[in-house]
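Next, two complexes with chain A in common: one pairs it with chain B, the other with chain C.
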Partner chain A sequence: MKIAVMQFPGTNCEHETLVAVNAVGMKGEIFRWNRPAAELSGFDGFIVPGGFSYQDRVRAGAIASKEPVMDALREEAERGKPIIGICNGFQILVETGLLPGTGKIDMALAQNVMVSGGRVMRRGYYCDWVNLRHDALPKRCSGSFMIDKKAILQIPIAHGEGNLVTTTPGLVDRLKDEDQVVFRYCDPAGQVVNEFPVNVNGSTESIAGICNPEGNVLGMMPHPERAFFAWQLPAYDPRKARPDDPGPGRMVFESMKRFIEVRA
Partner chain B sequence: MKIIGLADQDVEANLRGAGIGMSVAEARSIAEILGRDPTLTELFCYDAMWSEHCSYKSSRATLKEFLPTEGPNVVMGPVEDSGIVAIDDQWCVVISHESHNHPSQILPNEGAATGIGGIVRDVNCMGATVVASADPLRFGDPYGPKASKVRWVAEGVVDGIWQYGNALGVPNMGGDIVFNESFDDNCLVNVVSIGIVRRDQIIRSRAPQGAGEKGYDVILVGKPTDSSGLGGVTFASEALRAEDEEANRGAVQIPDPFLKNVLFKANDDLFRLVRESGIVIGFKDLGGGGFTCATSEMGASGNYGMEINLDDMHKAADFPPEILSIAETQERFLIVSPPELRERILQIYNQHWDLPNVYEGARASVVGKINTGDRFRVTHKGVMVCDVPIQHLTGGIRYKREEKPRLRSLAEPVIEEPVDYNQTMLKILGSPNIASREHVYRYYDTEVMGNSVIRPGEADSGLIAPVRGEKFGVALAVDSNPFYGRISPYWAGATAVAEAMRNVAAIGAVPSTLTDCLNFGNPEKPEAFWEFREAVKGIADSCKKIWLKGYPNQPVPIVSGNVSFYNESPEGSVDPSPVVACVGIIKDVGKAVTQNLKAAGDRLFLIGPRFDELGGSEYYRTIFGVTGKNVPLVRFDLDRNMIYAVIEAIDQGLVAACHDISNGGLACTSAEMALVRPARLGFELDLDGAAEPGLRTDKVLFSESAGFLIEARQGCEEKLRAVLEGFSLEAMEVGRVTEARKMVVRRKGKALIDLDLDQARAVWTNGLAEAMR
Partner chain C sequence: MSTTSTINLRVWLKIPDAEAATVKNTLIRRMGFADSLQDVKKERLFSIIVDSGDPEKLARSFARELVNENKESHKVLFDRLSFEEGYVPVKVALHIEDGEAVSTRDRLRNRLGFSNVVEVKKATVWKLYLKGENQEQVAKEIAEGLLINPHKDSYEIMGKTKMPA
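Take a look at the complex of A and B:
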């Protein structure tokens, strides 16, 4: 089971993502942007990892989305292969039109705006551990294939632009109706509170991750590869006391593997 | 340039007119060695190489006299861009520590960003993977007369750090921030970076053996050379004057983390090529002193000469040779390698990583050759613009500076004991120097690379597990207290070392090595030079007397460092600031402990007696506006015992939480253990257990004497006592963790502090944001 971990100039999470891919028993390979795009057809799945591809020039993800390898990735997506975009990878998939999957760019990951009680508390880059509620049904989406509905995952975020916005009328309702809203920011009890700090970046309806209508393409702002082992958890999480246990982010990679197995 | 035969004032006028900072005597000595008038390019090269920043001309003798740089774990001391110490038989930590003070005061964002950019290059060029950074920062008074400038600098510096570090993809694992009016016109931006390398894969920054005989290539890699950062080292070697601000802006370099990110990956491929081919190369970053410094030092340290042709250099425009020679254009590296690797190296950078298309004008170019001569020769458009003895150029010069104690009238204040301890406590918790650092570290990517075990705010030091499949962890902490420095530079130096060691010990890591970045005023002034020497002596004494664990009487070595003089403006100099970073090693990251309280009912133990040591304390300053005199001392035997006892207790699994006592004393230490996330538990302290019957309550609470507060794991109390007694320490039981979310402190049955956790937390979490807004 071969997974290509995409690498653009400015990508900076490819190595830890590769560790996660290999740790669940898939065979990962870092795929540099200027390799022949045709080689991508030899892979069973793809991860577009985090970073600052092309320095976030124009907009985060905008330049990378125009690379030939992304055209090839679009074709692989049409074949039903799983693609997971994490952080800047999510931004790239939105700029490519692969998410939310209408083929057009009809949403954006805008600058974080942290609002509480009607006041802007802060803007821009923010790094912290957040709670994510899985709002899709199991088996709905490649990267959350094995995750129960309403399950809560603790995973860190680290981004300046994760605030999902759209001007397309009815788009968010359609995503909800089609079960394409995969992850939402929530409090430790699983309640969505549309205010900072629970909604950590101002995202519409606290959305943290979405999939395409077919479910094989997932984009999420939080970094599951950084929550892959229990020893990575923050000090206040009691599971850190068993450092060798799996961390909450592992399920995303396990899901991808299962999704590929089931499809085959 | 005409020097020979001219009067001093004419030489002076010529030098200054050309923008050269060296003295007339220095210029004359160069002309004498060359036997002719030097060219403009030669003078620029010497000016950079003989600057305080590059040559340590004032400081070198003092550093050599006092600082211990050798030890059983030292793989490489402070001879190249970074120091290296062993973790085990296979893995090593690479560390470098520098200042970027002047640039950050002028252009905070670019100054701080290039500080990070430079320090990570220093670590990477040893063949290492850069795995963490930390930033000790000093800003002026955010509520003082220069508040708006101070806040502008502070905000810009933090932005520069996150924008560079996050994009590059190196986690920021620590640092500290202190505000004080002595930094109103001179902020301090120190940068620390650590890397990991296998012992057999270290790459040196010198022309390898045989390089001259076989005519090795000199290859310049990275950004096209431009005129940015012109004279950066000279500008860093002068006091800042407001009227020079416009001119100084040009001396600040321009950062590019994006290009650096790609260069690091290409460098990884270079390292792989070197490993697989088994060929030794020289590899060095271009930092202060630019192209001249990197090339000449690389040749000189291999005892070779070299020929450079500036026409072969890739550059942003047709600049004159003196600019190409010393501009401090960022994101560049230098390779010295045999001709048989040339094509493969060029291919890595120019094709595989496609530098020319990633960044306009960036690439790898062969710019010269190493030879067996002893000259540093540079041609430009067919003209020899520099032809000097290479060892003379890199050898620098030495100055013997005068020293004279700075006399200050210091006294302990006569103060009333507070009537309302709750209000006193809240005021201190909200002070910009005590409040939670969260406002700043949420800007930093503390998670990238996925190695983070303990992150900023969770304990006294950060901890990473940098090698997958290995259990060891590397801890990093920094320290320096300018308020102590004002009273006694010696004790400030000694405490900086001891405190940084306590910080790594508090999570269970063993202090392994130290770095020092010495920030002082103008060394040509005897008082400033005295402060520098005192601080170095203090650092050295702590290193030697709190020795390396397991090696009695062997000092903890200092393997890297930097001296930053001229941190002064016409209004005066910064408080003496010997900033120390400590690397600690823990064998199993699973054993590390954090500072948050873990379980109601757990008992709290104090180690380290309280002394009447509130000179420079947060309490004196924030409540009474005074400095005082009784600065905390380092009792070397006591400190060593405390540090080793804490490490031992944590290793045996007896400790649930641990926090060392520093700024704000026992009161703040206990409060922080409750206030830090998850902030679900409170505590009760009874000062009768602190065993200081003669000391007034406010002094027991706020004295900054060294110590630790430990939450014992339930059922391990007796074992903990035994471990402490084994180190001749008294385990003072002072309280317990409570279900009630309150902070309660009593003495002789009387409640002194009784604060709701949420009320205290609101003050503590807002203090820094308000100071930086």
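Take a look at the complex of A and C:
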């Protein structure tokens, strides 16, 4: 089961992602953006990891989305293969039109705006551990295939532009109706509160991750590869005392593997 | 009765601009504009609206705060915006709230004491050096194909003659 971990100039999470892919029993390989794009057809799944591709020039994800490898990824997505975009990878998939999946740019991940009590508390880059509620049904989406609905995962974020905005009429309602809203920011009890610090970036309806209509392409702002092992968890989390245990982010990679097995 | 003035600060790098180079490279090598595009340059544009004070004196003060003379050059225009011949200027700005513009306004007003600053608008001006016919149409295609995400950005193709800010 071969997984291509995409690498653009400025990607900086490819090695952690590769470790996570290999640790669940898939065979990961870093795939540089300037390799022949046709070679992507030999892989069973793809991860577009986080970082700052092309230094976020023009806007996050815009330049990478024009690379030939992204055209090839679009073809692989049409074949039903799983693609997971994490953080900058999510931004690239949005700029490519692979998410929310209409083939055109239907939304933007804009600058974070942290609002509380009607006041802007801060803007821009922010990193913290967040709670994510899985809002899709199990098996709806490649990257959350094995995650129960309403399950809560603790996963870190680190981004400046994760605020989902759209001028497409009815898009968010359609995403909800079609079960394409996969993850939402929530409090430790699973309640979605559309205010900072629960909604960490001002994203519309606290949306943290979405999938395409077919469910094989997932984009999420939080970094599951940074919560793959329990030892990566923050000091206040009691699970850190059992460092060899799996971390909550592992389920995303286990899900991808299971999705590929079921699809085969 | 107070009257407002708009101080436009056009700011550009005097060292090579890597972002403009990347845009040029992407347009030519990835997006099929090799026959129509010669070069791309970029400027930052601050439009600072003030309700009192000597605009020329204020412009010098704002430039000291917002321009790093070690690497940047600038040009000031009062109550108008104009561009040189030879390229198509495409002004890109956020149509959602621009946090950087708000922060700049607040810093100028609250931290640096320019209480006469009413509003700050920020934009990027992409200077597209095009060849051939239909340059405005080509600029439109470039703007919509790469320079903006319509869900947060808007763009305006600026004339080469004097235009209101």
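Keep in mind that, in the parts below, the second predicted complex is superposed on the first by the 264 of 264 C-alpha atoms of A that agree within 3 Å, B and C clash if a C-alpha of one lies under 4 Å from a C-alpha of the other, contacts with A are read in each partner's own complex, and residues count from 1 in each chain.
Going forward, contacts are C-beta pairs under 8 Å (C-beta built on N, C-alpha and C of every residue); 3 or more make two chains touch, one makes a residue touch a chain.
For clarity, every value in this text was computed on a predicted model and none was experimentally measured.
Chemist: With the two structures laid over each other on chain A, which partner does A:15 touch: chain B (first), chain C (second), both, or neither?
Modeler: first
Chemist: So in the superposed three-chain picture, is A:55 touching just chain B, just chain C, both, or none of them (first/second/both/neither)?
Modeler: Both partners, chain B and chain C.
Chemist: Using the touch criterion from the header, give the chain among chain B and chain C with more contacted residues in chain A.
Modeler: B
Chemist: Pick one for A:165: touches chain B only (first), chain C only (second), both, or neither.
Modeler: second
Chemist: Mind working out whether A:38 is in touch with chain B, chain C, both or neither, as first, second, both or neither?
Modeler: In the superposition, A:38 touches no partner, neither chain B nor chain C.
Chemist: With both complexes overlaid on chain A, does A:66 touch chain B (first), chain C (second), both or neither?
Modeler: A:66 sits against chain C, while chain B stays out of touch.
Chemist: Between chain B (first) and chain C (second), which, if any, makes contact with A:262: first, second, both or neither?
Modeler: neither
Chemist: By the touch definition at the top of the document, which applies to A:105: first (chain B), second (chain C), both, or neither?
Modeler: second
Chemist: Between chain B (first) and chain C (second), which, if any, makes contact with A:125: first, second, both or neither?
Modeler: In the superposition, A:125 contacts chain B only.
Chemist: Can you pull the chain A residues that chain B and chain C both touch?
Modeler: Common interface on chain A, chain B vs chain C: 54-55, 124.
Chemist: Spell out the part of chain C that touches chain A in their complex, as residue ranges.
Modeler: 18-19, 22-23, 26, 30-31, 94, 96-97, 99, 102-103, 146-147, 149-153
Chemist: Which residues of chain B touch chain A in the complex?
Modeler: 162, 166-169, 257-258, 261-262, 352, 354, 358, 441-455, 458-459, 465, 468, 589-590, 594-596, 676-678
Chemist: Going by the contact rule set out above, which residues of chain A touch chain B in the complex?
Modeler: 9-13, 15-16, 19-20, 32, 34, 50-52, 54-55, 124-128, 156, 158, 223, 225-226, 228, 231-232, 234-236, 243-244
Chemist: Chain C touches which residues of chain A in the complex?
Modeler: Residues in contact with chain C: 54-55, 57-59, 62-63, 66-68, 95, 105-108, 110-111, 113, 120, 123-124, 165-168.
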